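In the two complexes below, subunit A is the common chain; its partner is subunit B in one and subunit C in the other.
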Partner chain A sequence: MGKNFFFDRNEPVPIDRVDGRAKVTGTATYAAEYKTQQIAYGFLVGSTIAKGRIKSLDTKMAERAPGVLSVITYLNAPKLPGYQTGKDPSKPPTAGQPLRIFYDNEIFYYDQPVALVIADTFERAVHAATLVKAQYEKAVHQTELDANLSRAKVPTGPRFEDYKRGEADAYKNAPVKIEQEYHHPIEVHNPMELASIIARWEGKEQVTVYTKTQGVEATQRSIAAAFKMPLENITVNAEHIGGAFGMGLRTWPYEIACVMGAQKIGRPLKLVLHREQMFTNVGHRPETIQKIGMGATTDGKLVGLTHEAIADTSSYEEFTEATVNISRFLYACPNVTTRYRLVPLNICTPIWMRGPGEATGAFALESAMDELAFALNLDPLEFRIRNHSDTDPERNLPWSSKHVKECYEMGAEKIGWKERKLQPRALKDGDWLIGYGMGTGSFGAFRGAATVKIKLEPDGKLLLQCSVNDMGPGTATMMTSIASNEMGWPVNQIKVEMGSTNFPPGPTQGGSTVTSTVGAAVQETCTALKEKIAELAGKAGSAFQAVKAEDLKFSATGISLQKDASVKIAYNELLTKNGLAALELTRESKAKQQQSYSMYSFSVHFVKLRVHPPTGRIRIDHVVSCADAGTIVSPKTAASQMIGGVVGGIGMALMEDMVIDHRFGRPVNNNLADYHVPVNADIPPVDVLFVNKKDPHTNPMGSKGLGEIALVGVAPAVANAVFNATGKRIRSLPITPDKLME
Partner chain B sequence: MATKGPHNEDPNDKALNKGRREFLKHSSLLTALAVAPPHLVKAAESALDEKAAVYFEQVPLSLEVNGVHHKLSVEPRVTLLDLLREQLALPGTKKGCDHGQCGACTVHVNGRRVLSCMSLAVMQEGKKVTTIEGLANGDQLHPMQEAFIKHDGFQCGYCTPGQIMSGIACIREGHANSDEEVREYMSGNICRCGAYPNIVKAIADVKKGGHKL
Partner chain C sequence: MINFEYLRVSTPKAAIEALSRDNTSQWIAGGTNLIDLMKKGVMAPQKLIDISNLPLKEIKKEGNKVHIGAMALNSDVAENELIQREQPLLSLALAAGASQQLRNMATVGGNMMQRTRCPYFYNTDLPCNKRQPGSGCGALKGFNRMHAIFGASDKCIAVHPSDMCIALAALDAMVLVNGPKGDRRIPFTDFHRLPGDTPQKDNTLERGELIIGIEIPDNPYRKNVHYLKVRDRSSYAFALVSVAAAMDLEGGTIKDARLAMGGVAHKPWRLSEVETWLKGKSVSDAVFREAAQLAMRGAKAYGQNNFKLKLAPNAIVEALKAATQKT
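After this line comes the complex of A and B, so read on.
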């Protein structure tokens, strides 16, 4: 394990994060930190009702406060041309009408922005914001999922119709069956960096923004649509993103407000959301109620599986995710039914949160698998092996690669699974009960399109450019790693520039696709560069007449012939002889139409934990996470990405829960003291194991995505371990001490 | 030791005040005398409000940041965090919550870790502040910075300055004697990317190295 690196050529060299130095010295620049002359500061005022209309707005006091430059509300906001046309000005990832900020007096959710106060200092803007007085005409709001199930509807579009394989609800007739309901509350992404944007107009036609987005081009398109401007007049920069976890997968109203405000005051404007506003204005993982019916033969073969989910969305958009889809392919089962419904509520539109629907779905499915295994008196690992899907039962296709059984094996070994007892409460350590649990995760291994520009300087320095950005996993490091391997160049000779629409188009960072997409583009561009160098060498001297790239040995300073190292030429000479100052080329790369394989990444998470029954306290002792993610391109950053997913999954399992006071439709714990996320003391040692086997079909490196599977399956592993420790099956997350106290 | 003048001598600020006056004049006229008390219009005309505001709202402050002495004049409500980020062009110190709940804004004041979002700038009179930008010695990184790179103690890097400042203090305070202890005493610094195990490794490594911090 771990030795066969990609391209079957070099050993993996775990390289340090290439932007590490910038990050540890505080010189990495995030959206709100760009220096701009004459910058003004914005602060948003939110509605205090969850549904209704603004009756009156009094902004006079705010306008007169020292330093205030403007107060924008629906009464005086510039009319954005894209808003007037009605539908979809910002091309959202959802059906419906995205919120048009300051468009009219209608209120759809609590804390919806009703005014943007702009002043010459941050403090003055914050103070003046307190002086804006709004009066509302309240309407009856609905924020409670449970109380609105009768309004559940099938989302628009063919992808969300009910799915049926074999007989509907066949589990009901199985000899051994379970039928259970699982619930998880609203979770909020809460990246450490607040949602931030700076907008600066250059004249009337051009605007530059620095913003917290996972896709600079997507943001560019949204601004273009709202302001009806040509794309090339909009520059979007997002070089460093202080985490996002999905929160940056769309353009939010506050971003449009900032661009609008900057235009209005004729000065650059900075708008940073307050932490409270991060809970109400930039999406969430929807609350979901799931039902699983699952039945098996007495010897543990699945007969039928029914998976239903009902999730929240906003009252103005339909946000959807693949919550139930995992049940269609993870196990071999002849009869599968899935149903997915949405309930519109007076809340901001949700947005994919790491692992998205798959993580939600896996919590229910993998908890249910554990329950049925227990009912069958079977080891849950053994039960999974008996129902392993050797091919994709949903699409009837072979897997491009699937090494879940290896994950089971190595994870079980590492966590000490053989110590586990089938019966709960069998293992004790003093007052504490010990339990083991596991959960499986999966996510599609997608590849999109990316264009990479490469530049070879005379001194052998390589520059790679792509618009893709990095919210943390280490995109630049991955790109450097691939280029270094492909060219045989040392890492410090390679520089990556990214995170700006000034560079060639790349994908949005999301859905675990960046390594497959951009990595493949880097590799193909490097291959093209080598071919070009061979061609130029042929022109530069007779010794290299008609050579091909494979006849050459590439080093960081120049090339030589494979068969005779003394025949060589330095890059500066090569370029000079060809009359070039540098060698540049650009390649677009995307997946070939590939329908003959089903492509997924898989993960298996093992958890050992202890529960203290008198207090209900849970301590996780050890986590082992195994990933079948094809070739691991950048081992060091990949391991960190896995650990990060595990931490997120522990948060989901044990603490995260945005509580709404339904009387007012507002969150009560909208801050980081009351909305609990894992802190250092909550996290045990985490061992990460990679199968690290090349997938022959996904992309030239043979990699598959990692970002989502790092989290998918963690929460059920924790819940299953809690059951194994205590005999208590907690089907409603988070598993807080009150649910375990005896 | 270098000395920097007060930030509000920036010529931009004059332009800014002018803009404010014109705005007031303008808006006063527009909103008519009925709503704008006459003394306000008058004040706006003569820029008295701005002068009064500066007089009442600004307090002199002298402090040292990363070895540079600053003589400033700040509003009393400005936090140390916003002073660093918005006025002293030191955005390495991060804002994650502004409420003392996340640790992203951790700096050292007279050698001890402090949440700069919970500290008013004017309370730092005569004190020595060290931020992430002040740790390295030229090109020579601080051992804690080296260790964070070596152990990959971060992903997005946003909590990192706070983690590093806290990590150094954690060792100085004598709270890094075991991994458990480090975890406990580093729990005021949230890392949403979940780099905790590597942060613990980095701190343990520096502690083991026995560097004078």
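After this line comes the complex of A and C, so read on.
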């Protein structure tokens, strides 16, 4: 047997990202890059109002422009059968009616597509799009959350009802308490790769699409629903994704428009959104206003916690996320109240953005924990330890595993927490004030269903296939790593094919579930393969009569007996003797709902930073991020994923802010020069520390999710460090220089 | 498609002639701003005359001046040994601008000609008097966090985005211009203009006038110089406020000083009065603070940029302190 680190907990040897070379050399193919004969190019025309109706549409000029093949609007769009019922199985669990593109003349948000212009070149399509003239009947739009709080409503759905444990709002009677409001603006995912799709019909019955989705099967189901087609007539490919951060978690109207357009012109069609359209048409992290009331005894035991959040959604759908839910379980507190409200606005429906609601909620909760610790004159780390939840207080269940205290300990050691002073403004370096802060993150550890096909070639090459794709965390690397460990094969003997509905079904990439889900399926399939090899060996020769997998030593070229290495057979011989060209096997790994444990990943982020009071400039000196994510399956890509989450969290804390001019109901900083995300120069050394202890209950590897917790808790760690440095408590993100200068 | 002609010229004379023949034509050098403006539909020249090959790339000493050709690249100027030795303030300001990739493309002349980054200017379905005179100023009561606190009008509160120009304004540079009516020399501080009632005009160049180069007269500002740029991220962000500060110190006394601000006005904001006031004063935080207060006379903010009324004087003090501390 190969070294099986999942169970032995020996240190694994990190493997490199298996698709790394293809990505850095430009040979990895992304959705918009697939070559197809006779391809046409589409460009979307957006509405210039945020609410109202299209009064008239003049497309004649555009239609007459050179190279234009078609202009699709609600006036001439094919009536999609699925739009009559409006059901979209891939849409988030929201109430409402997903936007039906080119369905009628109603405008719900600024830049909502009103026409798709199709031409023989991209440039001609872009130009002709400027010739489409729309007249509107304008209605009064609402895009400002703060101005519409009176319209806040309780969302439908069981997870989002008001929650009460113990006495409602009990914090009010605590001896030491705080009550504060926290705010963050709309953030936009802004992956480097633009939202893009190619659709190609084969006859009237079959369509193939290449698209930027985090779940090829979800997209397949959406297209099937919209066009009322059998699933098997739709092939969806998304092998490589240039970042998504959640924006690929549903099928967007532009994707349906492209499939519709390709059908109409009878040619393959490519549709790539402009960067500006990335701000308006593919979701966002909703703006939230959160209130926290928190009270403790004088010796720092939490008495009550009330967490309220109000977030934006669109005027046609309810988008919900677990913003307040983290307050129910992160700390031991007898009295917890949470309330969550939505305000419908004239804006595109939001979509989960990395960390989603947990990141938003943790900003408020972990800022408040810091505030109350300060009010108690307690070290915020000590305050958290005193309120550590030893079991899940929300569900009254033991944790499947929880090693937050170890994260606290090793992170504090690494960042030099003992240098931190309780009082702010106590540490200086010249004109700069130094501060330390920390924040905790958590996210549910889920496991879904996945099917993996494995193929053993005579030369010992292994091929793994699953429809799951990889938006960046290193899914193929994880799969390779698990197969390599399970089979005892070198990494270069293993190939992964993924990101297509041509492969066995896998999960959508989101919610930090893929390693648990697909990793388990890889492991189970490998186990089955070994059993099958043993069975074939038994048939192949008397020396292997009645052997079981555990009696065998598997190498990349063949098998031998554990007890006698001289008794061996090569795979090519084994296959030949069994009359096989190759050995193929498919196994489904089922979703496992663990009823007797509560399963979460946890993270603790530590930040050391400096602030220059006269100018308000902030420099982050050091970040230490610790994760309790069970077994770390692929250490190198896992560490990279953590660093990426920290960068995203720093952006959330210091920069990201989509500004809407509410007079016009539209964003004004809708480009990457004015919408700031961190540049390399903003990012300090980031140390990633893993507890790396197997969770006994989540899945065979003992892993828990990592993608979300990498970001959840970073923003409050930064804000808390800013307070420790300056004494200024910034409760409204982003923390820009104007908020800090003195 | 909006087609345009493309023409490459190799002498300033040819460039001027080509432009004068066609009033829909436009010169292009690095194109780091013009291409964006064309993509956004803000500008739509029918002919692009590429002047990037003009023999105007030299950076050299001429008598008691440094001469920089208009087509010298921003990165070449920033990294030039002569500039770093004799005009370090310019080198610092250039290095603070844009990104390395942009600096590798952008020319000195093009940097001077770049247009404001006001979002209302760039989004053609929003009002902007600079883009479309008479349509109103979207920023006045809108998103004006980045906008002017000096010299603005109710027609336009946009700011000039350059860092390089702030240093050149402070250093008494001279702009050398060739034109159909002959050659001109324009003091750098007169090159850009305030918006007044005609914000569509960024500068005082006449149509057909070509920037040939700039000259910086010798100065004693080789050591105590600093360019402070306060911005929302560490690179590739425009200034909230920037300050170019240069001092000629003798012991603790300020023999002479130069001071200009960026991110605060429609043009590089030279603080000549403050410079005069600083002359002969002793170096101290109190003196710098008083100078900064003097600099703020006449400042006016528009809501979201109120913070600049405090950030600007603070930045002046910090820039002067940092310049003093250079060894």
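Definition applied: the second predicted complex is superposed on the first by the 723 of 742 C-alpha atoms of A that agree within 3 Å, B and C clash if a C-alpha of one lies under 4 Å from a C-alpha of the other, contacts with A are read in each partner's own complex, and residues count from 1 in each chain.
Methods note: a contact is a pair of C-beta atoms (placed from the backbone, for glycine too) under 8 Å apart; a residue touches a chain by one contact, two chains touch by 3 or more.
A quick note: this is a predicted structure, and the numbers were derived from the prediction, not measured.
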Sharing subunit A, do subunit B and subunit C clash or fit in the superposition?
fit
Between subunit B and subunit C, whom does A:223 touch in the aligned arrangement: first, second, both, or neither?
neither
Looking at A:38, would you say it contacts subunit B, subunit C, both, or neither? Reply first, second, both or neither.
first
After superposition on the shared chain, which partner residues are touched by A:473: those of subunit B (first), subunit C (second), both, or neither?
first
Looking at subunit A, which partner touches more of its residues: subunit C or subunit B?
B
Return first, second, both or neither, reflecting whether A:60 touches subunit B, subunit C, both chains, or no partner chain.
first
In the superposed arrangement, which partner chain does A:107 touch: subunit B (first), subunit C (second), both, or neither?
neither
Quick one: is A:559 in contact with subunit B, with subunit C, with both, or with neither? Answer first, second, both or neither.
neither
Considering only touches as defined above, state whether A:193 meets subunit B (first), subunit C (second), both or neither.
first
Degrees between the directions from subunit A toward subunit B and toward subunit C, using C-alpha centres, nearest 10
50
Per the contact definition in the header, classify A:681: touching subunit B only (first), subunit C only (second), both, or neither.
both
Of the partners subunit B and subunit C, which touch A:655 in the superposed model: first, second, both, neither?
second
Minimal inter-chain CA distance - subunit C and subunit B, angstrom
5
Subunit B and subunit C footprints on subunit A, overlapping residues:
66, 123, 127, 671, 673, 678-682
Across the complex, what residues on subunit B touch subunit A?
12, 15-16, 19-20, 23-24, 27, 31, 35-36, 40, 49-50, 53, 57, 75, 77-78, 82, 85-86, 89-99, 101-102, 104, 131-133, 135-136, 141, 145, 148-150, 152, 154-161, 164, 182-184, 186-200
The residues of subunit A that touch subunit B in their complex are 16-17, 19-30, 32-33, 35, 37-38, 60, 63-64, 66-69, 120-123, 127, 190-194, 240-243, 245, 272, 274-275, 470-474, 636-637, 639-641, 643-648, 671-673, 677-683, 685-686
Subunit A partner contacts - residues on subunit C that touch it in the complex:
1-2, 41, 117, 119-120, 122-123, 125-126, 138, 141-143, 145, 228, 230-238, 240, 307, 310-311, 314-315, 317-318
Inside the complex, what are the residues of subunit A that reach subunit C?
48, 65-66, 123-124, 127, 130, 431, 612, 614-617, 654-655, 659, 661, 663-664, 668-671, 673-674, 676, 678-682, 736-738, 741-742
